[in-house]
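Chain IDs A, B, C and D follow the sequence of writing; residue 1 opens each chain.
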Amino acid sequence: MKKELKIIQKERTNPLAHVFDDFISFCQSKSLFMLHYCTGCGAIELPPAMTSRFDMERLGIQPMVTPRQADILLITGYVSIKTLKRVILTYEQMQSPKYVIGICSCTVNGGMYWQSYATAKKLNEYMPVDVYIAGCMPRPEAVMEGLQRLKDNIRNDKKEHKGSAWKDYFNRYDYYLGNQQALFGDDWQTPTDIIAEAKLYDLETEETYGKHTKLLEKHQTPLLPQEMRIK
Amino acid sequence: MNALHLMAELIFMPLIAFIVGMMMVLMMRKIAARLQRRIGPPFFQPLYDIVKLYGKDTQISHGLIHDIGIIMAVGGYIGAEILLPVPGMEGIAAKGGVITLSYFLMIPSLGMALGVGQCANPNGSIGISRALTAMLAYDIPFILVVFGAAWHYQSTSLIGMIEYQQMHQWGIVEMPLLAIAGLFALQGMLGKQPFEIYIAPAEIATGPMVEMSGKYMGGLFVMQTFQLYTAGVLYASLFLGGGTSFLTLLPKAFLVVALPMSIAFMFPRYKTEDVIRILWKWPVMLALISLAFIL
Amino acid sequence: MTFLDHLFIVVFISLIAISALRNLRIVDKLAPVLYGLILIMLVRMSSVAYGGDVYLSSVSLDLLDFKMHWQFTALSWYFAIITVVAALASAVFMSGDWGRQYREQGGNYGMLQLALIVNVFSMILLLGSGDLLSLFIGWEFVSWASFLMMVLSPTKLAKKSAVKYIVYAMTGAMALMVAIVMIYSVNNSLEFKQIGEVFTQMSTSSQLALVLLFFVAFAIKMGLLPFHLWQAIAYAETPGPGAAFLGAISSRMGMFTIVLVIVQFIGLGGLKQLGISFVNMQTLLAWVAALTTIIPTYIALQQHDAKRLLAWHGVGQGGYMLLGIIMFDSIGSAGGLMHVLNHASYQAALFMTVVAVMYRTGTSDLNKLGGLVTQMPLTFLVMLIGIIGLAGLPPMNGFVSKWLVYRSLLVNGQPLLFVAAVLGTLGTILSVYKLIHNTFLGQLRLEHQNVREVPWSMLVPMLGLSIIVFITGFMPGLILPWIASVQESVGLPVIAHHLGGIEYAKGGLDMIWVSGILFYGFGVGALIFYFLGGKSKRVHQYDNYAGGHFLTSDVRYHYSNNFYPGLMHLIGGWYRGSFKWLENSIVSVVSFFSIFFENIYRAKQPVMLLLIGVVLALFALYRNLGVGA
Amino acid sequence: MNKVPIDEILNKVNGIKITHKRKTRIRVDVDADSLPTLLELIKGRASYIHLSAITCVDWIADNQFELVYHVWSYEEKCLISAHTRIDRGSESNPAKYVSVYDLFKPADFFERDIFEMYGVTFIGSPRMEKFILTEWNGVPPMLKDFDAEAYVQETFKWTDYNPDWLQELTDQGGGIAVKPEDIRTAGNTHNMSTHRERDKAKAAAVKANEKMQGWKQ
């Protein structure tokens, strides 16, 4: 799965930038706010991971309730097509750097719902996924292990680029949008303007645009922010 | 007071507040963790959180007022810290007094309310409506407490109050009922259970904070450190004799902040109208009885 | 010819000019110029506000055996300058596009201009009164002038509330007349000084009656409890800038007369000696003031019409003025007096912002607005400054006057009044946040996507007023000398002041430092915000977290209706209509008696009438004999 | 008032077949034409007032749908399951049946659900429109002639995951005791009403497939 990602690292000019970056990525790995989107059965394994038995907070991970504040989107259980829409909406409303963890076999391959017409199978077709934790359901130990893996990825992002999967969504937006459109129809649009965001934060590549984004442009209602104006 | 001294105070009073406040945040999270038989966060966790939030690559703004709201929330507290005398540093406490301070403390709330309003998120607006109602609820006992203290010490200046207590006895000994009422108000002011209806994470998605990302949330985390510090030091100055040095002041402040957290988990959450009802009944009654003794 | 004569002449000429030219377009340009001239005339007399001599008018009228004359003291000047500045701002506001729209919508613009100048004229006449008779005449003029402005609005409610107002006002005028007659009957003189002298000669019951009569007359004008019901609706229904003017200053004429008569001549000693044990007239008035702060403020919280909300606050803020002045000490009375100016400045600005919003959107219903900050940022700024002032938060001027009132209550050891005042302030904060949130913040409606900022003719007076709100908050020392001379002229203890605020042994206030620290804090906050942390992306208002739900433009998602449900659920029942009930019951009693007397007049049995007359005459004779014996 | 035995009421319907399964459960089989009559009778004459579900079974071989109306009586503590069969229809002429919405208001939702999942139109039902599958535009997905597996293979991609340790397990047969298709084909399990019978059938199926094979993907 990681082979598919193409992360483009921009060059930094400031000599001190590396020290800052290191410090910030250290803090990022030490402080992770988690939004759990528990669609089905997997949610039951999270309380032990959070409470006194395994205590996520000692790793600096705590639950948050809105995507705006969260760093991790934790999706447990099967993702039906209708749910997927909401998951994508939520994912796009999270602020980068953001990470996705798919818990349970359902997010990997559909799990026991593999032949259901109503559930999406591969989550990473629709958004870049950092860590999958397979199992039906994975034990809290496995959840902790996965979170630890994510922390290591973020910490060593500079060397291995494993923690920058989120950039892929901007870099290859056309691909993800294409998969979403195949499922939801041509007039699919989220309230978040990903292309404008990619432009603003210098995350766009050639693959950001394509025939799917063209299709989006054709159908979308514009999402320009209201600017203050005196006259 | 020479200019250099003042400059140093302008920089160091908020800075100390920030650092101490972060330790208070850590302490509160540790207390919560220990009560739930967890280990809790590592020592630098509050710092990690704030650095992480300020280090976010992307963040959203809903407009200029959203930005200004955060600036007002942080800036209002930075100003308030300079009005709050600590040992060795009096700032401009002589020029404002405790009434000014208690009004200063409303500015961050108003700033945050403005910022949240601009977000156009219904959850945020509901949260603000509840938060302002809660403010109405806890400010009445708080103002009574401030009145009682000011009347008892015959001064509205915190410096004067601390001096009085250093010469006589601590306020908590002379006015125990008022001090208890103050603790009640403190619980509401810090938004701890049972008075945390305006945050209500599961129902209205942390209310006012619902649209805050990156440095906006970071600003609110910084504001929380100031809030805890202010509450702790203010209460310690009003009732626990302040302190002649940080060594004597800070333990008291930490103790004051630790109390609401320690009892918070015993309670469920009150509805908004019940928050008003309970805060206008018990602490106000205690404060009035106490005032009857003082006046 | 003294300066005061010049002032009267200019005002009178303005009255004539505007009434003659009111239907021509020239009045747009003329009116502001004339108000400017009046302002210049006032500024020429400014020495009175810095401890100078009282200006006497060289005109006087002989009436019966009495000489009626006019004068301008520091108190008159203080109220006059507020009046004229408010009128100037209103005139500029209505002179441009607002007036054009008002005409197009069928409003009688000429009458509005005329009503404004008539109000100014009558107020200056009242403020310049030199004896009780001229006071009474000015009082009547002011009452009818306000009525003239209120009936301009074509709505039925406006007419009804205007009639209600005039009934109240006439009751007040009658009370005033009876009080004046009481004074005249003792010494056959109507000089102001007589009030004090007569008061000391009277029996306690007559003293009580006199104070109550005066107080009822003035309280009705000022909208104090329990006479507060007429004011808010009447003001809110007045068209546009007229409401701003009336809301700013009109009812403060009641405050002027309270200071002039009750504070100056009856004084603390007079009030304190009336009453039993711990309840005396001073505590009674203080509690009237405190309740006036609380009850109308919480009624305002319930309103969903922006103008009514503000008008109710106007009633509520009157309580602070009385509460301050009734403390009779230097800081309290300074706070009360200063609040008149402060309130006028931000209330006029706030009314103007609401009128500006109405000008663009056509509604002042708080449930039908929202998100206008991007479309009308300057109006938003004015409203922000205004609400900070109204809520009494630093660094605006409302904070200074409220601080003084609080300080005085604290010094005087009045915990309950203190809490009442704070309760009023907190209610105000809640309600003004609702005002600004529902108007300018939150979601922008589809139909308001193309709303634009109001033209400069409306912006200039609003911005000017908000600058006053800020400057007098930042440097209250600009106003405090006026207050000090007012205190001196009415015999109150004088406040010690400097440019930044007041000096007081047990904790003073220096607004320059306080505001400086606040702005330092904001500066540091802005540095942190803009230099730590990356850039942020402006997003569309529908890019909003709603539990993964799609917010689209056809779904209204603005939380505005019943903004404080928890609070309303709790306290809604406490004050629901109890005063309305009182008013209605008084109306019923009066109508019952009128029917009764009507029946007597038309009596079928004249003998019965004769009998009653004889009994009454015998009773009177018996009393007189008894007294004589 | 004497209580009329339920059988007496049921027997008023022509061509009814009554099976008393248990004390609390009665199965009746009726013609499509007399089902509304039956429901009206048991609601009006007996105390069967709660329509707890309507279910549908696709008998593709018989070209029929079986509709089952479950009606509960709170007084008798008894559930009557009324079975009826209707014509399955075709793509051009979809199946139709009469709605019982006027008798039982909850039928609205059940009928809408069946309409969505099987394509049966209920005449007289207030809202014959999409219910849960707002995103679905294909054939009604519960029909037996809709091949979900083919649809899934066509629409979705799969994650390839073949680590060595899994390979060993797969070689041993994948650790699956009974293949799902065996359970499906082992007998008319859906017609067995008790758990015990079903378990017996399952055990038989296990025996029949003693030669364990990997579950082909």
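Just so we're on the same page, a residue touches a chain if its C-beta (ideal position, glycine included) is under 8 Å from a C-beta of that chain, and two chains touch if they have at least 3 such contacts.
This structure is a prediction, so every number in the text was calculated from the model and none was measured.
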Please list the single chain whose C-alpha centre lies closest to the global protein C-alpha centre.
B
When A-C and A-D are ranked by contacting C-beta pairs, first comes A-C
Euclidean distance of C-alpha centroids - chain A vs chain C, Å
58
The distance between the C-alpha centres of chain C and chain D, rounded to whole Å, is 75
Provide the C-alpha centroid distance between chain A and chain D, rounded to the nearest whole angstrom.
39
Provide the C-alpha centroid distance between chain B and chain C, rounded to the nearest whole angstrom.
36
Could you check chain A for residues that touch two or more other chains and list them?
66, 68, 197, 201, 225-226, 228
Specify, in ascending order, the residues of chain C that touch 2 or more different other chains.
371, 373-374, 377, 444, 537-539, 541, 543-545
Chain B touches at least 2 other chains through residues 55-60, 63-64, 205, 210-211, 214
Can you list the residues on chain A that touch chain B in the complex?
23-24, 27-28, 30-31, 51-52, 55, 57-58, 60, 64-66, 68-69, 71, 95-97, 197, 201, 225-226, 228
Chain A residues touching chain D in their complex are 1, 81-82, 85, 108-110, 114-118, 120-122, 124-125, 134, 182-184
In the complex with chain C, residue positions of chain A that touch it:
66-68, 86-87, 89-90, 93, 191-193, 196-197, 200-201, 221, 223-231
So in the complex, which bits of chain B are touching chain A?
29, 33, 36-42, 44-45, 47-49, 51-52, 55-60, 63-64, 201-202, 205-206, 209-214, 217
Interfacial residue positions of chain B with respect to chain C in the complex:
10, 14, 53-65, 67, 70-80, 82-83, 91-92, 94-100, 103-104, 106-107, 110, 113-114, 117-123, 125-126, 128-130, 132-133, 135-136, 139-140, 143-144, 147-148, 150-151, 154-157, 160, 197, 205, 210-211, 214-216, 218-219, 222, 271-273, 275-277, 288, 291, 295
